[in-house]
Each structure stands twice: as C-alpha cells, then as structure tokens.
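Note that chain A is present in both complexes that follow, paired respectively with chain B and with chain C.
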Partner chain A sequence: MKYRFTKKAVLLVTLLLLLLASVGGAAAQDPVTITWWTLASAESPEPAIRAVVEAFEAEHPDIKIDVTIMAESAYGDLMNTALGAGEGAPDIAYFWETPWLPHTLDITAHLEADPDLSRDDYFEEYFNNWAVWDGKVVGLPFTVGANFVMYNKDVFDDAGVDYPTADWTPWDYIEIAKALTDPDKRRWGGDRPRGPFRAIWRNIGATKPYSDDSATVDGYINGPDSVAAYTWLWDLVDSGATPTPADIEVLGTEGTGPVDLFIAGRLGMATLNNGHMITAANAGVNFGVVPEPHVPENERFVHAWALRASIWAGTEHPDEAYEFLSFWAGPEGQRINMEIGALMPSLPSVLADYPDAESDYFQGFMGVLNATQTAEWRASHPCWRGAVIRSVSDAWDLIMLGEIERDEVQATLDALVEPAQAALEECVPRLGG
Partner chain B sequence: MRTDDRALSIQQQLRRSAAQRRRRRLVGHALVYALMIFLALLFMLPIFWMASTSLKAPREIFAWPPEWIPSSPQWGNYAEAFGKYPLARYMLNSAILVVANIVGGLVSVPIIAYGFARFEFPFKHVLFLLMLSTMMVPGHIKLIPMFWLYQKLGLIGTYWPLILPAYFGNPFFIFLMTQFIRTIPRELDDAARIDGAGSWGILFRIIIPLCRPALTVVVVFTFVWVWNDFLEPIIFLRDWDSYPISVGLAFFQGRYSVEWHLFMGATLVSILPILVIYFFAQRHLIGGLASIGIKG
Partner chain C sequence: MLSAWRQMTPQERRGAKTGYLALSPWMVGFVIFYAFPILATFYFSLTQWTLVDPPVWIGLDNYVRMFTRDPLFISSLKATTLFVALSLPLKLVLGLMLALLLNLKIPGMNLFRTVFFIPAVISGVAVSLMWIWFLQPDTGVVNTLLSYIGVRGPYWFWDLNWALPSVAIMSIWKVGGAAIIYLAGLQNIPAHLYEAAEIDGAGKWRRFWRITLPLLTPTLFFQLIIELIDAFKIFTEAFVITKGGPLKATYFFLYYFYEEAFRNFNMGYASALALFLLVVIMGCTVFVYRTSGRWVFYEN
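Presenting the complex of A and B:
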C-alpha cells in the first residue's frame, strides 16, 4: 500500500515537473511583442504598413509587432498624452516634434554595431539634421520631403507665359505671378511664403535672424539682407498676385499649403512639397517643378525634412525594437512603402528605383533634394523658432496685412531688435545656443 | 330705411375689415413662410455643398465659378471612400458605443438625480457642488490622468474607457435631471408611499415615467456626443477595426492634403443616422428642452 502510494506520488511529481518545464520552456520561447504607432497616408497606406509587419515577422519569428495605425490629425494628441503620462507610449513611433526628442532612445551604439545598415546609407544632410540630436543618433530618417515651386502648365499656357527655369530670381517670381493673375477667373499667379527665414530668405542673402554664436540680433534681423527679403515680401503682397492669408485659410487645405487652389487651376505657382506633387499627379494636373527662386551669386537653400522614426526611451525591449526600426526605416521597409504606397525613401539606393523616376516632376524633385537645407542652421539653433521668430512676427503680420509702407520696412525691423534680443537672451540659457 | 342702410354699411365695413385682416394675415404668413424657407435653404447649403462635392472630381472642387450640380457626377467616389477604409465597420462600432453609452446614461443618471432631488443626506449640497464643478474642468486636462488610470487597469485598446464613465453618471445630465425631478410634486411620492411603494418603486413607477422629456434629452445628446466624439477614441483605442466613424473620417485628411471628394461622401453617409434620429426624436427633444429650461 505504502509502495503504491509512493509510486503514485513520484509519478505525480514527475508529471508536475514536466508540466512546469514545458510551461517554462514555452515562456522562454514566447515572442517579444513590440508596439508600433504609425500613420496611414498616401505615402504609407494601411496595406503597406501591414506588408511591412508581415515581412518583418516572417524574417523574425521571435518578434511580434502590435501596430496601431492612426490618422494624421490624431497622432500628436496621442503621443502627447502617452509621453505626458510617462507610460503606455509605443516602443517605436515617429518622434517628429522637438519636445518629444528627450523621450527617444540613443541608438548610436545599435547603429554602429549593425552589419546591415549604417548612417552612410542615408542622404547625409537628412540623416544629420533629422536623426541626430545633441550628438546622439535618436532615430532613423524615414522618407524625405522638400519644398519647391510647382507650376501649373495649363495656367501658364492660358496666360501665354513661359515656364520658369531653375535660374529664376525672387523678383522673376513676382513678375511671373503678376502676369498669371486674372481677377475675372479668380486666379492668382503664385502663393506667399508661409514664414520668414525659410529657403527664399536664405536664397536672397543667406539671411539669418541672429549671429552664429547666438549672441546678437542687431545687424541680422534688421541687416541689409533681411530688409531685402522683407521688402521682397512687401512687393509680392503689394502686387495683388497672391491670395491673402484669409483666402488661403478659407480655400486652402488646413496647414498643408494651397494645394487645392493649385489643383483647381486657381493658383499658377505654389511652394509645395513631394506629398502635394503626388496628390496633383493623381488629380491629373499638368504641372512642372522648379527649385524656389534664388539670387544667382548666392548658395541655393531648400526647406527640407525627414520623418524621425525612433525608439521610445522607456522601451523594455531596446534590441528587438531596434531590429524592427532598422527594418521599417531601412531599405526593406522603405522599399515596401515605396512600391505599395508613394513613399520617397531617405536611402538613395532605394529612391533610385522609384517607379515614376523618369517623370518630369520626379526629376524636378531630385533637383532640389541635395541643395543645402535651411535646417542645417536651424537644427543647431533651437531658439530661432521658439523665441526669436515669434518675437518678430509683428513685421510679418504688418506686411501680410498691408499695414506698412515699403519705406517703413527698415524702421519696422529696427523696432523689433530689442524684443528679439531679449527673447534670445532668455532662450539661450534654457535651450542652448 | 336709413337704419337699414346704416346696418348694411356696417356689415359691409365689417366684411371689408375682415377681408383686410385675412389679407394681412395671409401676407404675414407668406412673409413668415418665405423667411422660414429662406433660412431652411440657408442652413441646408453646407449639406448641399457636401453632397455636391462628394460627386465631383478633385479638380472641380475648388474651381471657379463653382459648379453646384456636377456635370458628370462621380458616383464611384462613394465606393472608393468605403473601399479605402472600413467605414461600414466604423459606423457599426459607433453604433455599439452609442447604445452602450445611452444604456449607461439611462441607468445611472435617473438614480443619481433622484437621490439629489428627493433625499436628505450629509454633505448633499457639497457633493452636488462638487459634481457640478467637474463640468468646469476642460476635457483635455483629464486626458493624461485618465490615460494613466486606464493604462494601469489594462483597459487601453478596449471600449471600456469609452463606456464606463456613462455608468457613473454624466454631471450635465444629472444636473438637468435633478432640476426636472424637483419640478415633480412630492405629493405624488407621498401618495405612492401610502400605497406601499418603496423608494425604488417610486423611482421606477412614478418618477421615471414622468421624466420622459428629460430622458429624451439624455438619449439624443448622448447619441450626438458619442457619435461625434473624436478625442477619446483616438487616445484609448488601438485596433484598426475598432475605431468609430469619427476617427475613420479623419483618415481622409492626410499630411499634405485632404481627399475632399471622398471625405464629403463618407461624412454625408455618416451623418445620416443623426439626421434620422433627430427626425424621429425632434418633438420629444424640443419638448424636453423646453420643459427643462434649456434654450439653444
């Protein structure tokens, strides 16, 4: 009896041990789940996102991707809430806002140890300006974007005006815009810049709002080059060849430029980007692309960007997260998005295979891609937008609203030196020079 | 004879003045109707523009002069919109959320309001003020704590964060309902109590049947708010197939442009349930609002 009991007990314990071992073994083999928040867009539609996940999981059976696909207009609120709460943020996401940068993981070591991917694989300026912060690699540039001038060929033909060429100047822009404007057709020649010290400011005179050492505003914001740029803006507004800010607000697409007016043929020229280019091409618009105008003897600048794809600093699986990040923002992931969506990859080797690479508009885009970026200066001067530009917005508004005369531009800028200097001195100790 | 003439004249005058009054009334009515028709058309213009845009090609949407009725209607826009995103599924999800919230409101609000309106208990007025004060806190401020709380509870990615609050009472509805119940004579409660009814019996047999106008307001407002809610679903939901229609529509607004023709088609379809419910509930809704004292 006792022997039978012992035998049963041994059997039971053995079974339990086996069960525990199998459970433990299963736990050790459980795949790691990486959470990923992303956006559905024309460049990267939902099927492309699903295809990236499928391809990655096929290559990495030990890693599962839990993807949340969001609408563009929802993304900022979602990220701000999760980062503000300090938990619940995704392992991988776009960290495009500057205040989100401190929440990114430094992946410098991961990238250096990666045998399949290096920073040299990317467009150099896009990598340096958008993936590096405070000397650390904080993400990988996913896609590239740039501003350029799109011109509606039908509108030019209708007005009997020659198409613009890459060597045009800012003053040519105003003359062409005037020639295209037709009040009877409610048509404007061209749009207005959407802020100072972007590409056209740099193209007119390499204008900067303050000195390279972040110490002095006087002589920069009100210097001769800046005055020339603001005066050019005054002339453009005065020409009546551009829609007013109210027109753009009412008729244009919110926050994304006047692409709707351009597509409708009511705007002859518009400073848009490659996303708009795809939209216009899909709408059947007959258009061309040229770089933003510049003064021939000056260096050409471009307002360009990349989407920063990063790992959240609070991730519990940094290695697995990097595996996925380097797949998604690496050649495989960007190629999938280019082929299924309309992504412009940030890797020259992948972009070379762009399906519509022979088109005029794609060639035009490639023409601006490698110009010096305005971000080169801005990226190392965090105070330029947050403090200084805000403090001088009065000059912009007064000109936009036609509230000052042409010969008052210099005096208006002189009057703004003091508040801009104060803003700079307050900002530099806080954010760095 | 003279008397007869005078009587005839008075009769004629009376007839004339009656005819004049009728004419004046007719003109008055015609003017009022003309004004109402004008206002109705004015208010319908955006919906008409929406319908018109939903049938246009992208190049026609902002063209000048505007084409109110598209020369070649693009009916395929509707199929494209519904094919691009699972909008039918999103509408079903919205309907589920609406029903769950309405049930929650109908269960919780009358009970809480009944308590505030009919019972005396310690700190009643303080609690009522405290409840009212939650209405003054902007919703955005609560987002991060709510996100943190639901994250701790493991409810992110489920419908619970969008449903649970309704079962704890909406302060706005509780306030309305409390005021409404206070207008019901207490003698009815007393009579029911003499007949042997308890507090729950009084609530379900006397108070709630008399609160139909206020409950209609709860139902319709909940429907509209939940159907249109955008912020909370984007914060709390994670699954592509679980989004409500308000989030689904946002997919038509991309980083660089809006697909207006598809967006308008999808929006037009998405507002149909609201129009239908308003059509059927408007008599109760207007009566309910008037009886509670809400204007506009």
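Presenting the complex of A and C:
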C-alpha cells in the first residue's frame, strides 16, 4: 500500500515538474511585449507607424510592439495620469514635457554599448538639447524642426531689393522690410517675432531672461542686451512694415506663423519653419531660406525643436525597449517615416536623402540645423515657459500696441523685474531651474 | 431619519427602497464625478503638486499666496467681474427682447426660432474663430460696415480698451438659447390675463410691465442664475482669441486657472483657484436666491 502511494506520488510530482517545465519553456519562448504610445501626424502618419512596427518585428521576432496611436489632445493627460500614478505608463513614448523628464530611463549605457548607433549619428545640437538632460541620455531626438527666414524671391525682384544673405543683421531686416512694403499692393515687407527671447533676442546680444542658475532676473531681463533687443522690436513695429497682430491672427495659419500671407505674396519675408517650407514649395512659391539675422560679433542662434523619444523608467523590459527605441528613432525608423510620411530625420545621413534635399531652399534649411539652439530657454526651463514669460508679457504687449515710446523701453523692462523675480522664486523650488 | 424609517409600514419601506434604487444611478454619478473631485480638489489645494510627482502637503500656503502676493489673481478676478457685469445684463435683456419677438404670431415663426437657436449649439471654438473674422480691424465685417457710415472701427480684440467689451459683445451670439427659455415662460402666461387687461383698456406697454414681466420673473430668476454661472466660467474666447491679452485685459479667472494647472504644472495652486471660484459662484447664487423673494412672483 505504502509502495503504491509512493509510486503515485512520484508519478504526480514528475507530471507536475513536466507541466511546470513546459509552462516555463513556453514562457521563455513567448515574445516580450513593449507598449508604445505615439501620435499620428503628417510627418509620421499611421501607415508609417505601422510600417515601423512591422519592420521591427520582422527583425526581432522575440519582441512584440503594442502600439497605441493617440489624439494629441489626450496624450498629455494620459501621460500625466500614468506617470503620476507610477503605473500604466508605456515603455516607449514622447516625453516632451519637462516635468516628465525624471521619469525617463537613463539610456547612456545602452547607447554607448550600441554597435549600430551613436550620438554622433545625430545633429549635435539636437542631440544635446533633446536627448541629454541632467548629464544623462534620456532619449533620442526624433525629427528636426527649426525657424528661419523664408523670403519670397518674386516680391524681392518686384521691389528691386537684393536677396538677404546669412550675414545680415536685425537692422538690415527692418530696412529690407521697409523697402519691400507697398501699401498699394497690400504688401508688408516682413513679419514680427511671436515671442521674446527667441533666436533674434540671442542674436542681438546673447540676451537671457535670467541668470544661468535661475536665481536672478535683475540685469538680465532689463540688461543692455535685452533693452537692445526690445528696442529693435519697437523699431520694427514702428516701421509699419509688418502686419499687426490682428492681421496675423486672421490671415495667418493658426498659431504657427503667417505662411498664408507669405504664399499669397503679401509678405516679403517671414520667420517660418520646415513644415511651412514644404507647404510653400508644394504651392510653387519661388523662395529662398536664410537664418534669422544676427549681430556679426555674436554667436548665431536658431530656435529649434525635436521630439524626445524616450523609455519610461518603470519599464520591465529596458533592453527590449531600447532595441525598439533605437530602431524607431534611429536611421531605419526615421527613414521609414521620411519615405511614407514627410518626416525630416534628426540624422544628417538620412536627411541627406530627403526628396528635395538638393534644392536651394533645402540647402538653406540644412544650414541652420547646426547652429546653436535657443532650446535651453524655450524647453529646458519650465519656469520661463510657464511663470516668467507670463509676468514679462506686458512689455511685449505695450510695444505691439504702440503704447510706449522708444525711450521708455528701459523703464518698461525695469518695471518687469519685480514680478518676474517673484514668478521665478515661486516656480524654481517647485519645478527646478 | 432612522426613526422615520422605523415608523414606515412595510409597503412604505418597499416604496422608499424602490425610490432610492431609482435614484442610485444619479447618486453614484454624483459621488464619483462631482462630490469626490470637489473633495479631492480641496485636498490638492493644500498641496504643492506638479501632476507627475506626488503631492507635497503645504497647508494653507496656496491660499496665503492667493490673497496676499499674487497680482495675477487680482487682475484675473477683476477681468472676470467686469465681463460678468457687462455680459450678464446684455444677455438677459437681449434674450428677453428676442423672445418677445419670437412670440409674435406671424408666418414662418418656427423657422425664425430655429435660426436664432442654432448659434447656441455651435462649438465655442468655431464661434471664436468666426468672431475673429467679424471683428478683424481692417477686413472684418463689422469695421467694413462701420466704414460705410464714415466710422473708423476700433481694433476690437487687439485694443486695450475694447478687448473685454468685444468678448462681452461676442457672448450675445448665444442669446438664442436664453430666448428659447424665455419663450417657454412667455407661453405659460395665461392668455385670459391679457384679454382682461385689454378689456380694461391697458395698452401694450402697460400689459408688458403689469403682466408679462411680473409673471416672467421665475424664468428671469432661472436665467439670471444660469447666465451668472456661465459668465463666471468664461474661458474659450480668451484661450482661442486673446490669450488673456492685451495687457491682461481679458485674463479671465478660468484662463488663469488653466495656465497654472496645465502650463505651469502648479496643480495645487490651480485647485485653490478653482475652489475660490466655486465659492464666489456659490456666494453670488445664494445672494440672488435670497433676494428672489422680493422680485420673483409666482402666479399662485
């Protein structure tokens, strides 16, 4: 009896072990699933996203990609919720908000060990500004975007004005705009900047709104360089060579610049971006591209951006997630998006194959991609973007409305120091400098 | 409540249970979507919270900042109060006038009623974009019409003095919705009162003041509260058109709340702002309710 029981027990244990082994074996063979939240756009449309997944899975049968294509309006809320809860965030996503950065995985070691991809493969400025944070590599820059001046050659020819060249100054810009302006033809020479401390502020005098340690406003926002930049704006508004904010609001494309006026030939020059450049090219506009003007003795800056493709720090599969990230935001994935969509890749070797890459205007665009970026102020300083810019917007409005005289610029900026300092002191302890 | 329950007969208890069961979907919705978020907002208003990091308890600091050292709180409250003061009478009076017109017995009135109601159901963003065109200083419809009579129209949304009135004027766009409510009230006034007054020799004006307006006060009361709450919640126009400018002229309270919460990642302070607005609206509503006994007349 005892023997029979032992025999049965051994049989049972053996069966259980076999079962466990088979389950374990199956688990080992199951592909790892990586979740990916992304957005569809003209640059990266849904077919391109699907093609990236298909190509990656074909190369990596042991990794499955569970992609969710979201509406942009919902994306921020969902990321905030998931990151705030500490669970349910995707393995891979765009981490574009600064408060999301502490929740990204440090991929420095992964990238250094990657035989197929390195930081040198990317445009240096884009990598430094969009992939590196706090001394760590926290993502890869996906696509490139930049502002530059597009000039309508037909308008210049009509007015008998020479085309601008890369060595032009902000004051040249005003003079050229005045020369191009023709009220009879309802034509303005150039547009106005759409916010302070963008490229032209830096190009006039390396102007910053506050100190590098995010502690002091006085002497920066009201310093001589800032006064020079705001005075330049005053001169531009006073010239009458630019559309008013009301004109831009009505006739320009929603929030992104007066591309419609430019295409219609009613604006000789406009500070636009690469998306507008393709729109103008498709519309058959005869145009050229130059960097925004700068003072020759100062370094040239460009207002630029990229999407930060990152891995969530809470991922259970960091190695597999990196495999996909480096594919999607590496040469293969960005090339797929360029060929199916209209993405401009952040890798020079891939962007060189863009359909219009040999054209004059595209070469002009390529010229701005290596310039130093103003991104440090626009994106990396959340307190500037949120609290401080709001407290200094009054100077901007006063100049745009023509409510102050030229010699009142300094006093107007002096008056901003106190509210800007208060905003900075409230924000920095909360969001960091 | 417990003693009342004990005093019920079994049949009454069954009826009460059925009643509570029927109420429960609303009650559950109320607790989940209203009561809990309000309580959570109160908690978050006592914290510093960036949305993605855990809230940090700071006690009453957000309220202290709000009342003692936040100039934007004052300017946004001022802009909102001015807007309420401008738009509320406009909407109430014009809504009533429109309803009186829509109450006339002329052919095709149903079509007119539909046409005037349609703007009330169009999305606020679409309406805002349309008004940008209407009020564009150089090429807009309004200034073009004004130019025909020799008037140089203002810069509307882009003028320091006209920006807020422009948003108030824009709010008239939705007056058709209020008119429909008034219309229902007008049609509830018994016709025999008008007939008796007419026999007594009362003219149209006297009938309006002595019959229509007093008997319409319950509807006016309802509209006043609804429009008051709606006016305090002004946001879309500032978000789409003015971005709070120029010079904070249209920096409305909810726009400030939005900027604090979603641009400045200051959800704790934004929660305090939201609660303050709740208290203001509740206070105004209670005030109107308390005074209603003096000016609202019911037929019975």
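Here is the rule we use: the second predicted complex is superposed on the first by the 356 of 433 C-alpha atoms of A that agree within 3 Å, B and C clash if a C-alpha of one lies under 4 Å from a C-alpha of the other, contacts with A are read in each partner's own complex, and residues count from 1 in each chain.
One rule holds in what follows: contacts are C-beta pairs under 8 Å (C-beta built on N, C-alpha and C of every residue); 3 or more make two chains touch, one makes a residue touch a chain.
Here the structure is a predicted model, which is why all the values come from computation and not from measurement.
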Partner, of chain C and chain B, that touches more residues belonging to chain A: B
Touched partner set for A:A74, first chain B, second chain C, both or neither: first
First (chain B), second (chain C), both or neither touched by A:A264: first
First, second, both or neither for A:G84, with chain B first and chain C second: both
First (chain B), second (chain C), both or neither touched by A:H276: first
Chain B versus chain C as contact partner of A:P99, first or second or both or neither: second
Which superposed partner A:E46 touches (first chain B, second chain C, both, neither): first
Partner chain in contact with A:G314 - chain B first, chain C second, else both or neither: neither
Chain A residues contacted in one complex by chain B, in the other by chain C: 84
In the complex with chain A, residue positions of chain C that touch it: 48, 50-54, 65, 69, 71-72, 132-133, 136-140, 155-160, 241, 245-248, 259, 262-266
Contacting residues of chain A [partner chain B, same complex]: 39-43, 46, 66, 68-74, 77-78, 81-82, 84-88, 185-187, 251, 253-254, 256-257, 259-261, 263-266, 273, 275-276, 278-279, 282-285
Interface residues, chain A side, partner chain C - complex: 76, 80, 83-84, 97, 99-100, 102-103, 244-247, 249-250, 382, 385-387, 390-391, 393-394, 397-398, 400-401, 403, 419, 422, 426-427, 430-431
Of all residues in chain B, those that touch chain A in their complex: 57-64, 85, 143-145, 147-148, 151, 156, 230-231, 234-235, 238-240, 247, 250-251, 253-258, 260
